[in-house]
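Note that chain A is present in both complexes that follow, paired respectively with chain B and with chain C.
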Partner chain A sequence: MWKDLGDREAGKLRPYSFSNRITSDRIASLQLSNYKEIVSPHRGAVNSLQVDLTEGRYLLSGASDASAAVYDIQRATEYEGGSLVAKHKSIFVVDKQHEHGHKYAISSAIWYPIDTGLFITGSYDHYINVWDTNTTQVVVNFKMPGKIYRTAMSSLATAHMLIAAGTEDVQVRLCDIASGAFAHTLSGHRDGVMTVEWSTSSEWVLVTGGCDGAIRFWDIRRAGCFLVLDQSQSQLGRRPPLLERSAANKAPMSKSLPASQSVNVRPRAPQKKFAYGNGSKQSATGRTSSQAKGLVRQRLHPGMLSSQDRATAHYGAVTGLKVTDDGMYLLSAGSDSRLRLWDIVSGCNTLVNFETVRLQASKAMQLAITNDSALVFVPCMTAVKAFDVWSGKTAMTFRGHYEYVNCCWLSLQDQELYTGGNDRQILVWSPSRLNFDEVDHGSRKEPIHAQDQDNWSD
Partner chain B sequence: MEAIPGPSTARKRRRDEENVPESEDYDEALSLEQSLTFSDTLVALRIMRAQFPQIEKVSVQPFILRSQLYSSVKDRTQVDRELESLRRDKVLRIFKLNTGQDDHAIMFMDDYLNQIERVIKRMAAKKQDELAVFEWFKTHVITSKLEPSIEHQELCSLLSFGGNVKDEHISLLINAGLLTRQLIDPNMYWFAIPNIGSLLKGLSQGRKELLSFLNRRRYREMMLAPLEKKRLRLSPLDMRFHLRDLIGSGHVKTVHTPTGLVVRVSKD
Partner chain C sequence: MRSKLFRTLLVVNLDQLLSLSVGFRRNQPLPAPAAVASILRSKAIEFLEKWNTSFGIHYRQLRLGFDYLKNTLRFQFPNLQANAARIQQERKEREMRSKEILLKKFETLKEKFSSIKEEIQSTMDEIRECLDIVRPNDESFRSSELRQIRLDSLKEAEKVHENSDNKVVFDALRELYKLLVTRHLVSAQEWISVLIRVEVADNRSRDSMLKEFIDIRNHIQSVKKKCEESGCALANTMNDEEEDFWEEGKIELSESDSFTAANKRSKDLAKASTSSKAKSEAPECSNKESNGNKRPGRESNESDSTSLRSKLLDEAPLMNWGSFLDNWGSKQDVLANQRGLELEGHWGRVDYDAVIPAEKIAELNIQTTVYKEERVDIQPCRAPLSKGGLCQRQDLRVCPFHGPIIPRDDEGKPIHENSSTEEITLDLGSDLVEQLAKQAVKNVRDRDKEETKKREYDKQALKRAKLAKVREHNEAVLREAAMASTSRSEAFGEDLGATNMDKPMARNKKQTLASMLRKKITTKDRLGQKLLNTRVRDETIRQLTLGEDANYREAFPNQW
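Then we have the complex of A and B:
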C-alpha cells in the first residue's frame, strides 16, 4: 500500500484507480467485525436496514416488533473488552408505546434521501409514517389498502418527493410528502407488489417486482409501464458495443419474436415514449395477422396495453431488486431461488447463473451491491453470500446469524456490511484490522485508533 | 461426433476424473466417480443421454435434467448460455417440469419428434380421428415456438396454418400429453413430454428417498462408490441419475477424500 501511495504521488497511478484498489481490497477482506458491535434493542426480526445517503453516519433499522431505531455508526457509545470493542447503542427507538407508532411489524424503514431530518417507515398495519428525526414525531401518515411490503424514495429526485409503496394490493401507489396525498396509482401487476426500487439513472423511472413474478418498469409521468422483463428474452452476456438497428421493438413484444432473431435493440433512454401499436406494425411476423384475426380486445389506452403482457421474470414471486449504480443493470431475486441479472436497456436476461441453492421465499429481502458493480451481497437463508456479478461464482460467504437473514446494507464510505436477520441481531462485517495496542495499553480508556485527534476546541 | 456407444460396447480404459479427452472416441463411463465432470455442455448432454436408464414399462426417450448439467460442468453461466444457443439452433428443447420450483428437462429435438410419433401411433391405435392436429403441431408449433410455454391465442393461430382449429383439437393435444395448462394462468400452456408422468413421480420420490437415506446415517454422508451401487426402491430411474440431479441442485455435495469421493448432505 505504501508503494501505491508513492506511485500515486509521483503520478504513476491515477487517483481513482488507487482508491478503487483500496476499496476492493478492503471489501475482499470483510469478516465479522472484532472491534465494532451494534446493540440491537429490537425484540423482533430485523426487516430493513439503511445507512443514510448524505453522511453515511446513521443507520436506521426497522423490525417486526414495530420498532425502528437509529444508531450512530461512526462514534461509539461505549467501549468494552479493555477498550477494544466499540459498542454502538441506539440513539433512539420508536416502538408500539409511542403514541403514533406502528401497531404491527415494520417492513421497511428508509431515510429521506436529501437529509437525515426525516425518515419513513412502512408497516403491516397499512400505514406509512413520515417521522421527524429530531423530535421523533409523526409528521405525515398515509393509509394504504393493504400490508406494506416495501417503500422507496428516489435519491436522484429534484422535482418530486414521492414515496413509492408496494403493498399486497395489486396497485403501486405513490405518496407525495409535500401535499400529503396520493399522487399516482400504477396498475399492471396481477398480484401484490413485494419490491419497489427507483432507477439510479432517472428520477422518473420506478422498477417494481410482484408476487406474480413480473418485473415492470414505470415512467411515472405517463400511464402504464414501458417495460416488462421476460425471462425467456435472453442475451448472452453483455451487449456488444455496436448495436444493429432492428425493426422490431424487443421488450414489450416478447410473444411476437421469431426465434432466430438476434437480441440487439437500439439504445434508448427509458423515458422515451414509443407506442405499443407501432411496435406491432413494424414486426414482420405472423403476430400481426393473428392480431387482425379477430381477437376481441377492449380498446385500451395505449399505455395500458402493457397490463395484458403476462411475461414473468421469475417462476415465483420477486423478492428482491437492486439497480446497479450506473443504471444499466438490474439484479432480481425470486422465490424460485434464482438470482437474475438483467440488462435494462435491452430488457434481456443476461443468463448469468448465480450459485444460489435456496433463497427465502416468504419475505422480501434487501440486496447490496458495490459501487463498481463487481460484487453483489445476497442473504441466502442464514448466511450472506457475495457473488461476482458477471461470472456468478461465490466470492465470500458470511455466516454469523443464527436464523434467516433478511436485509443487508453495504456502507461504501467505510466498506462495512451491516446485516439483520430473524435472530433480532444486526451484525457488522468489516475489513480486518490488526489490534496493535492489545498488549501495551490495556488500561487506556479509549484506544488510540478510536480517538479523534481533530476533535478538540479551545 | 461419432455414434454414441451403447453400454455393451464400453471399453475398460481408465479415464481421468476431471476432463473428458476431446478425441473422437470416448468411453461410456461405467462409474459416476470417473465421469462426474465434463468440459463442454454438448458433450455432457450426449454422454448423459447415452447413460439414461432403460425402463421396461414406460417408453420415453432419454431426457436430461438441468440440475444434472450443473453438476457436470463447472461453470453454470456457461451451461446456461450454451443451452440457450443450442435451443435457438433447434438442437434441443427445454421443458418446464412440475416437480419443484425450477426443474427443467432437456431433450434433443430428434428424440422429442420420435416421442410425438409414438404418441400419434398410440392415438391411432385407439382409433381416434382428427389426427391431423398432431401434424400441424409438429410442423407449425414446434418449429416456430421455442420457449417452454405458449399462449392460447398464439397456439390457435399457429395451428391454423395447418387447417381449421377447433377446441376439440386442443383437448386432444392435452389428452395426448403434449400440452398442459398452467396453474397460475388459464390462458397459458406448458409444452410437456408425453408419457412422462410416472417418471416424474419416480423422480420426486427417488429424490426424497435418497435424501432421507443419507440423512438417517450418522454423519449424513456416504462414499460415492458403494452408494452408486444401491438401488432405489421407489424410482425407476437409476442412482446415478438422482445423484447428478441432487448434486446439481445443491442438496448434496461431493467432497474429495483420500479414499475417494464422499457424498454429503449440504446444510445451508
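Then we have the complex of A and C:
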C-alpha cells in the first residue's frame, strides 16, 4: 500500500489503477464488521437489499413481513460499547400498518436509479408500489397478474422510466412510472419469471431468467426476444478465439493462444482458460463450428427458431442474474446449484466451473459483482461465497448468517458488502480496519480493547 | 476463551460450533444419548451467554449467534447477568431498609436516651442499696452459722434465705437483678449494636451516646457481678427450685406437691429422699452454663462426666455393623465416578464436579429395620398338681386347668402382691411421703416391665375401664394434693392407699397419668432453663466480643 502510494506520487501508477488496486485490496479483506451494525426492524426474511446508486448512502431493504426499511449507512444513529460499535437504525419502515403497505412479503425493493426520492417495492400481493421516500406515501402502484418475484430499473436509462417485473405469470411486464401503465408485455417464457436484469451497456436490453430454466434477452424496442442462452452452446474462456473462427475449423487450441493474448484486454485470462479448459478441450473444439453457425443465424433472425427458442440455460429455474459492469458477461445462478458465466456477445456458456456447493432453489437470489468483474458474491445457503469470476475458485467465504442468505449487495463506494438472510439479519461485511486507524485512536480506546486481550491469569 | 487468538479463530466458524454443540439445526441434531446431549446443549447455551457478556462487544459473530438463539429460536438462556443484577438490587434494597430501620431506632433512642439512662441508673441504685443492706448481714449469717452446711448442700443455703429476716430485701434484690439482667443489660447491648451499625450525619452525638452506653453496660456488668458475688445464693435458689421440679418428675405428683409445701415440716425427710441427688446437684447449680439438667431419671451418685456418658449411651441408637458406619455423621458430599461411589483404587479420571450431595447420601443410608417380635417370657402356670410337682403349662393369661396365671411361690401358693404392698403402705402410713417416694422409685424402675405387662391385658377391657379409672384417679390425686398440707393427710392417706391399690392396673394407670402430667411441667421448665442458659451464654459471648470491639474503638478512635 505504501509502495503504491509512493508509485502514485512518483507518477509511475495511473490514478485509475491506483484506486483500483486499493479497492480490490479492500474487497479482498472483507470480513464481518464488528464496528458497523444494522439494526434490522424486520420480522421476516430479508429478500432484497440495495444501496442507492446516487449517493451510496441509503440502504433499502425489503423483507418477508411485508416491510421495507431505509437505513443511513454513513451515519450511525447510536453507538454501543464506548463508540466501538456503531448501530444504524432504520430511518423509516413501511410495513403492513401503512395504509398503502403491502399485504404479503416484499420480494424486491429497489431505488429509483436517478435519485433517492423514489423507491419501488414488488410484493407477493401482486402489487408494485412506487413510494415517495420523503413522504413515505405510495405515488403509483401497478397491479400485476401474479406474485412478483423481482423488479428492476435500468441504471442507464435516459429515455424511459420502466420497471421490469418478473412475476408468477409467464409474461414480463414493463411498467411505466411516467404514465402509470404497462408499456410492454414481453411473452416468451413458459413459466414464471424469477429474475430480471437490465443490461449495463444498453438501456434497451433486458435480461430475464425464468422458472423454465431459460435466460432471454429482450430488446424492448422490438417484439420478442433476440437471444435465448443455451447451456450446451459453450466456449472456452472468456471469448471465442477470433483466429479460430476466421481460420480453419479444426485449429488446435494451443495455436490460438498467442492470438487471443493479443486480442484480450486482460493478459492473464488466457492462461486461466488454458488451465481449466483442458478437460473439455475435445468436445469444445468440436462444437465451435456449429455454434458459430448458430450465432450467425441468430443474428440474422432475431428470435424465433423454435429449436433455439426452447434452449435452457439451467436445469430447473434460473434464480439469479447479474450482468458485469462492462456489460459483456452475464452471471446466472440456477436451482440446479450451478453458477454460469455467459458471454453476452456470443451467447455462449464459458464453462467456468464455479465451486458452488449448493444454492438455495426456492427463492430468487441477488448476486453482487465487483466493479472490475473480478469477484462475484453468491449466497450459498447459509454463507456467502466470493468466487473468482474467471476461474471459478472460491476466494472468500462469509459465514455469519444462521439461516439461508437471500441477497447481497456490494457497495462500490465504501467497498462494503451487505447481506440479508432468512434469519432477519442484515450483516455488514467491511474491509478490516487499517492499522493507522487504531493507532490514531489507540489511546482513547485503551480500556475497551484491554477487555479483549489474552487473559491467562486469574 | 482466554486467548484472543483462540477467540478470533473460533468466532469465524461459530455457527458450526453452535450447530454441533447446541444442535439448533433440525437436520443436524445432537448425537445420542439424549441425556448427555441435553447437558451439552445447556452448557453450550450457558457458555455462549457468558462469552457474549464478556466478549460480545468485540465479536459480531458472538452477538449474532446469541441473538439468533435467543430471539429467533427462543432458546431459554440462564440469564446469569440479569439474575445477578436482580439479586444485587434486592440486597441493596434490603440494606437500605435495614439502614432506615436503624436510623429510625436511632432517632427514637435520641429522644428516649435520658429516660433509659435514668431508668437503668435507678435500678442500679436500688440494687446497690439492697446490696448494702444485705451484704454484711448475709456474710455474718453465713460465716457464723451455716457455712459448713451450705458447703454440704445448697438446700441449706435456700433455707437460710427462706428463714432469714432480710427475705424482703432478698426478694427485692432478686427482682431487681432479674430486671437488670433480662431487660437493661439486653437493651443496652441492643442499643450498642444499633449505634455501631447506624450511619448518621452527626457522628459526634452517636459516638458520645455509644460511649455512654458502653459505660452503662460495663456498669451493669459490674453490678451484676457484685450481685452474683454477694447473692450467689439467690441465683442458686431460683435454680434449685426449678431443679427440684425437674428432678421430681420421676417421683410422684402428690409427692412434689406435698414436698414443697411440707418443706419446713419434714425437711429431714426430704433431705433423706433427695440427699443423693443434692450431691450431684451441687456442681450443677454452681456451674450454670453446663447445667446437666438432662440427667437420666436414675438415682445414682455418678459424677457429671459419667452421667453424661450414660446419658449419651442412653440416647445412642443400636445399629448393625455396616460400611456406612465408616462415615457416620459426616455431612460431606461424596464424589461419584462411573464406577459408582468407590474412589479408592480408582485410577481413572476423577471429576470433582460429579458429587452426590450429602442429603442424598443420607437418604441412601437410611437403615432398614426388620420387624422382630418381642420375646415374651411366658410364665409357667406353676399351680400345684395333685400328683405332686407344679403345672408346667405355659399359657398367656389363663391356664385351662388352674385359672388365671398368677405369681406363685415355690410350693405353688399364690403370692398376693397387692395386699402385701398395701400392707406396707398401711404400716408406714405415718411416713406416707417417704413411702410414696420409694414406691415411685420402684415404679420408675419397673416401668418397662409393667408396661409390657400392661400390654398383655385385654385392650378392650382396658378401654372400658379407662374412663372410670382416670376419673377416680384424678379425684384421688386432687384430694391427696389438697390434703397433703393438712395434719389429717396421714389418716386419709390410709384410705387412699387402700382404695388406690386395689388393683395393680389402677396403680399402673395412675402412675402413667401422673408422669404424663408431670412431664408437661418439667419439659416446660427444662426448656425454660435451657433457653435461659443459652441466652445467658450468648449474651456473655456477645458481651465479650462487643467489649473487645469497644476496647478497640476506644484505643483507635480515628481508625473506626
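Methods note: the second predicted complex is superposed on the first by the 364 of 458 C-alpha atoms of A that agree within 3 Å, B and C clash if a C-alpha of one lies under 4 Å from a C-alpha of the other, contacts with A are read in each partner's own complex, and residues count from 1 in each chain.
One rule holds in what follows: a residue touches a chain if its C-beta (ideal position, glycine included) is under 8 Å from a C-beta of that chain, and two chains touch if they have at least 3 such contacts.
These numbers were taken from a predicted model, which means no experiment stands behind them.
Visitor: Is A:234 touching the first partner chain B, the second partner chain C, both, or neither of them?
Guide: After superposing on A, A:234 lies in contact with chain B but is clear of chain C.
Visitor: Have a look at where A:84 lands relative to chain B and chain C in the superposition and call it first, second, both or neither.
Guide: The answer is second: A:84 touches chain C but not chain B.
Visitor: Check whether A:453 is in contact with chain B, with chain C, with both or with neither, and answer first, second, both or neither.
Guide: A:453 sits against chain C, while chain B stays out of touch.
Visitor: Between chain B and chain C, pick out the one touching the greater number of residues of chain A.
Guide: More residues of chain A are touched by B.
Visitor: Quick one: is A:381 in contact with chain B, with chain C, with both, or with neither? Answer first, second, both or neither.
Guide: The first partner, chain B, only.
Visitor: Using the touch definition from the top, say if A:3 reaches chain B (first), chain C (second), both or neither.
Guide: Neither partner.
Visitor: Go through chain A and flag every residue that touches chain B in one model and chain C in the other.
Guide: Common interface on chain A, chain B vs chain C: 382.
Visitor: Can you name the residues of chain C that touch chain A in the complex?
Guide: So the residues of chain C touching chain A come out as 2-5, 7, 12-16, 18, 24, 54-55, 57-61, 64-65, 67-68, 72.
Visitor: Help me check something: in the complex, which residues belonging to chain A touch chain B?
Guide: Residues in contact with chain B: 212, 232, 234, 236-237, 255, 258-260, 286-287, 289-290, 293, 295, 310, 315-316, 335-338, 351-353, 355, 357-358, 380-383, 391-392.
Visitor: Of all residues in chain A, which touch chain C in the complex?
Guide: Contacts found on chain A: 32-34, 37, 80-81, 84-85, 382, 399-402, 423-425, 427, 448, 451-456.
Visitor: Where on chain B does chain A make contact in their complex?
Guide: 70, 75-77, 79-81, 84-85, 88, 90, 96, 101-102, 144-148, 151, 153-154, 157-158, 161, 184-185, 187-188, 249-251, 266, 268
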